[in-house]
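So, here come the structures, one by one.
Both complexes shown next keep subunit A, but they swap its partner, so subunit B is in the first and subunit C is in the second.
Take a look at the complex of A and B:
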């Protein structure tokens, strides 16, 4: 089989790079990092509408709901560019996770264009509403809910911590796991009073805790169907985080390599010393090994192959490792300046740390790969 | 009334990549991948604003490039242009501005446009003479350095940038107008646009298709020849005066020397 991106996929990616080079500059990121301390959201709304005009927000949304109806392979390229540019907005969560989840729930409920989900989906595709997901995390033992307390009855307030994009999202798909009743997935509309901002190590990350009430009308899936949808979500989360990590890693290596050519010691650029070169080469090797596993996972999920979960976990494990290594190497190559706020490296490094740990870190995903391999062996 | 607008677009080597000159002809190497000249994005955007294609208007791109190159045209088609005409012919290698103007004029004539837009000059050649040559060959009026363009019925109103400010110029259609960078903010090609651009028609023509004689164009028809290329002389560094109490006097004597005081 031909395993390369099509010309069109490369062009879409190129368009994102061109747009973000102008709309998401280092100066923008710095303003946002400082602004967050003062409660501002930077140019988030402006940037989001440019992404919507481009078509990125509705990339996975079916055409019937105003989206482009494209697949995971296209979004992977877009998210790599988002990583490269350090895009702070929750494109991964909105376009990559919430949108396909809403589309699946809508299709299962036979909603059609007039349904509540369908209407939200159209707004998400058009960029009028940012969507996010919460209440779920990936562990080596399986999916766990972060929503507490699990209420005995569906009425009552529950708390869902660490929701990305909490303050800009107009709608959130939130999971909870009720003792005895199993998984539930709720569609929660934004309530500014119900959001408490959580500080993140990455100052441009919009993180918050949601306080909300589950009601019968917010429930969009439950039981086995909810579980299947959340397992699907976990695969995508691993895949798309991996894609964004590839872009972050590429940027950190580029920054470090550029610095190594510029910074002189003993009368020569430090990049001419083997001890520096080898570090950078190791990071590059880790990145280039992670890349094809991410592309394979995208292909497996797009075609819904049986191995899709194993492939997604492999991608996330390798991309997280590559990002962690690149962050460490880039920091070391930069020397003391790398630790400072003034050095741009920090913007990408902190993002990489956060994303490498999100949706299951490398050891978690390695153990998931192992479980899949053992299960496959047992079947033989 | 539906408008028919032609935009002259040039596909140039990526300015971000190092450029090289042919060692024999001293002309710019254009054999690699070419991209849409940034300065032409303004003309394309202006055309799309004056003649929205979803309202039945037509925006046709006209370009001349070697090796059937269409990458830059695809970018402009993705922005929303309707179709493109590319003139690509080995006989065109070494064309000067006038030869290029003859070729573009012949192609533009086929479209019978109401308005022809072009950039004031290309980013790789910088002659800035082509649009007016095209206008002359087509027998059309031309208005240059537009910083604003509006169409009203059968005439065009242009604010023409000058050193002191701007002139208001009105001309009957059809007319050739050159637009400055910043006349409008070019849109980004959207994903939908990029996908749609694949199926938009690009007419690739040879000079024979346009009825042009090979002797009139290319290196054979060129009225200019580049005989030599040399590096720009580096400037010598200025004199540094260390003030030893006589600084002011020495500055005054220098100013007297160059007859400023």
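Take a look at the complex of A and C:
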């Protein structure tokens, strides 16, 4: 029993923190928020290369495919830093979701280094290609697909809305579950004509709708196997979004606490008022307990334990609630300045809203935990 | 990261489980520990545990423990609650005073006080709060003055809300030894026998109608120098070490909440259907309470690992105290909501229609309601979190 990170894990996280402090500045985020989607002179690409140099983009990719071959615990630390920095790029989707899915599909098809999947994996690990996932959502009743037949009556074309990183991704793993077809997982290569950007409340979020055609050669898994892979993906999605939410939460609490030390009213810093203190303390307590819950989920997924889904759901429920609370509190503590477009808080707050709702919100995950606990109780 | 217990610790668990299964009194056989009769029955239970070295597993063997580490203690607690072990009448001594003694007592004091504490022969109560000093503990006015011969002290004043004070043998209290010094400086930590001449105890009934705490009056009570824990004027520092235990690791092991959360799930499974429009809300509350109990357990493992790595618990202890007390309330509130109109029944419904057993849930609820008040109110803990973890200025 040792519930703590190793030195190496902490070092990797520290390195990512340092790099992001330099490469993902508030000025960069502001530039993106103001409509310059890639943040001036290709900052997105620079940032991605620097993350790739650290190995972050291929953290879960097997070494045989040029990755670090590390696990969920390492990536959780990296994604907490991504949350802290407000990283706009889809590291969660590419390194956390698409890469392990591709690796699993590749291993199952005995692909080897020469396969299509294998080649993509190498490029993803090297940071040459950004990957993403789409077409799947988590509800209390189970996984559902968001992919629907194209309304344009283009025979055989489907539409997948709300794909994160749609405009930068070179490849997407997309799910569908159409009547008669059952679950399918496809590898969809980028086609700029097939992407429509969808504006999000989060101004630094790159969100788009994909229009694409499922073909036999794009199919990488179907039926029960596809479903199992997607359920794996849902666990990781809950875990990694929880991790990123922890970083966002800590940043929002820190911003609000810093502001509360400086802003003065009634002749004193507002942080000396107890109502302000207690708001922030409540958010800090929520963060304190969401953390170990998330780290345990990472360990359970890394070890593929039977309870991994329930553990991931607990993490997502706790982290979503902590982030929602921190966002509310941080805004309240800032007063009207926090309500302005100018205030940097919005960059973190909106990302928190989005991620807390993504991949199943807190009540959704609580209902999953309850079903699991009742099933376990029935077995006792 | 490794969240499993090695074979030696699992063997410890097996041994503890077997012993507890064989020895824990059947539910309902002990009277409430806040009655004279129940107090003695609970004391006897402490002795039974002590005789087989289960009363203070983490202490050194010379004082009656097993010299095991923090994780074994957590395992023991898990097994204790799993087996339905009785409330620990010796809790204030074993979980609060003893850790303070390991830090501040002289060898002679440890030899004198720890073994009878472990055996349940001497039950301790905590004499800190006063009528005019609750949250503002440093405002206490009970005082200790040097006695005439200069070889001891005389205590005068009043303490209140002393849990177990109605029946306890000893009291650990803080008294003002230097009225001229700054509030936190002039305090000293004393160990006082409750049968000393000049000590008067007036029991106070709690919400459940039983005398769970007491007022204690001190009039010219003589105590010797070796009844001081730490040194004269150091009482605040010593007290903060006790408070660290109260808020941090040792007072509330997660097992209490895990066990209750497990029962909550069973209750929900038994009562969930037919709840109509309430079902969704109750389900969410039940799930939240269950997850919080789990999060508390994980946080404890996290903190215990930190301690095992040589770090201290730190001001995070205040987060802990807020969270365990609120989790306890969340679990019991959800249970009472599930019981609905039957929740008020002290005994099972005589009509036999509902199979509800609200009694234990009501007891647990009443107990939980005090959590946000004692051990430093949750408002005070929030101040600590804001000031010491977030660096906000004092008010």
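Going forward, the second predicted complex is superposed on the first by the 365 of 380 C-alpha atoms of A that agree within 3 Å, B and C clash if a C-alpha of one lies under 4 Å from a C-alpha of the other, contacts with A are read in each partner's own complex, and residues count from 1 in each chain.
In this text, a residue touches a chain if its C-beta (ideal position, glycine included) is under 8 Å from a C-beta of that chain, and two chains touch if they have at least 3 such contacts.
Model, not experiment: these values are computed from the prediction.
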Clash or fit, subunit B versus subunit C on superposed subunit A: fit
First (subunit B), second (subunit C), both or neither touched by A:104: neither
More subunit A residues in contact - subunit B or subunit C: C
Contacts of A:352 with subunit B and subunit C, given as first, second, both or neither: neither
First, second, both or neither for A:234, with subunit B first and subunit C second: neither
Which superposed partner A:50 touches (first subunit B, second subunit C, both, neither): first
Contacts of A:59 with subunit B and subunit C, given as first, second, both or neither: first
Least Cα gap, in Å, left between subunit B and subunit C after the two complexes are fitted on chain A: 15
Contacts on subunit A seen with subunit B and repeated with subunit C across the two complexes: none
Subunit B contact footprint on subunit A (complex, rising order): 8, 11-12, 15, 18-19, 50, 53-56, 59, 68, 70
Subunit C-touching residues of subunit A, taken from the complex the two chains share: 1-6, 73, 253, 257, 260-261, 268-269, 271-274, 276-278, 280-282, 284-285, 288-293, 295-296, 299, 314, 317-318, 363, 366-367, 369-370, 373-374, 377-378
Sites on subunit C touched by subunit A in the complex: 1-6, 9, 71, 262, 265-266, 268-269, 283-284, 286-288, 290-292, 294-296, 298-299, 301-302, 304-306, 308-309, 316, 319, 322-323, 379, 381-383, 385-387, 389-395
Residue numbers on subunit B that touch subunit A, as the complex places them: 74, 78, 187-192, 194-195, 198
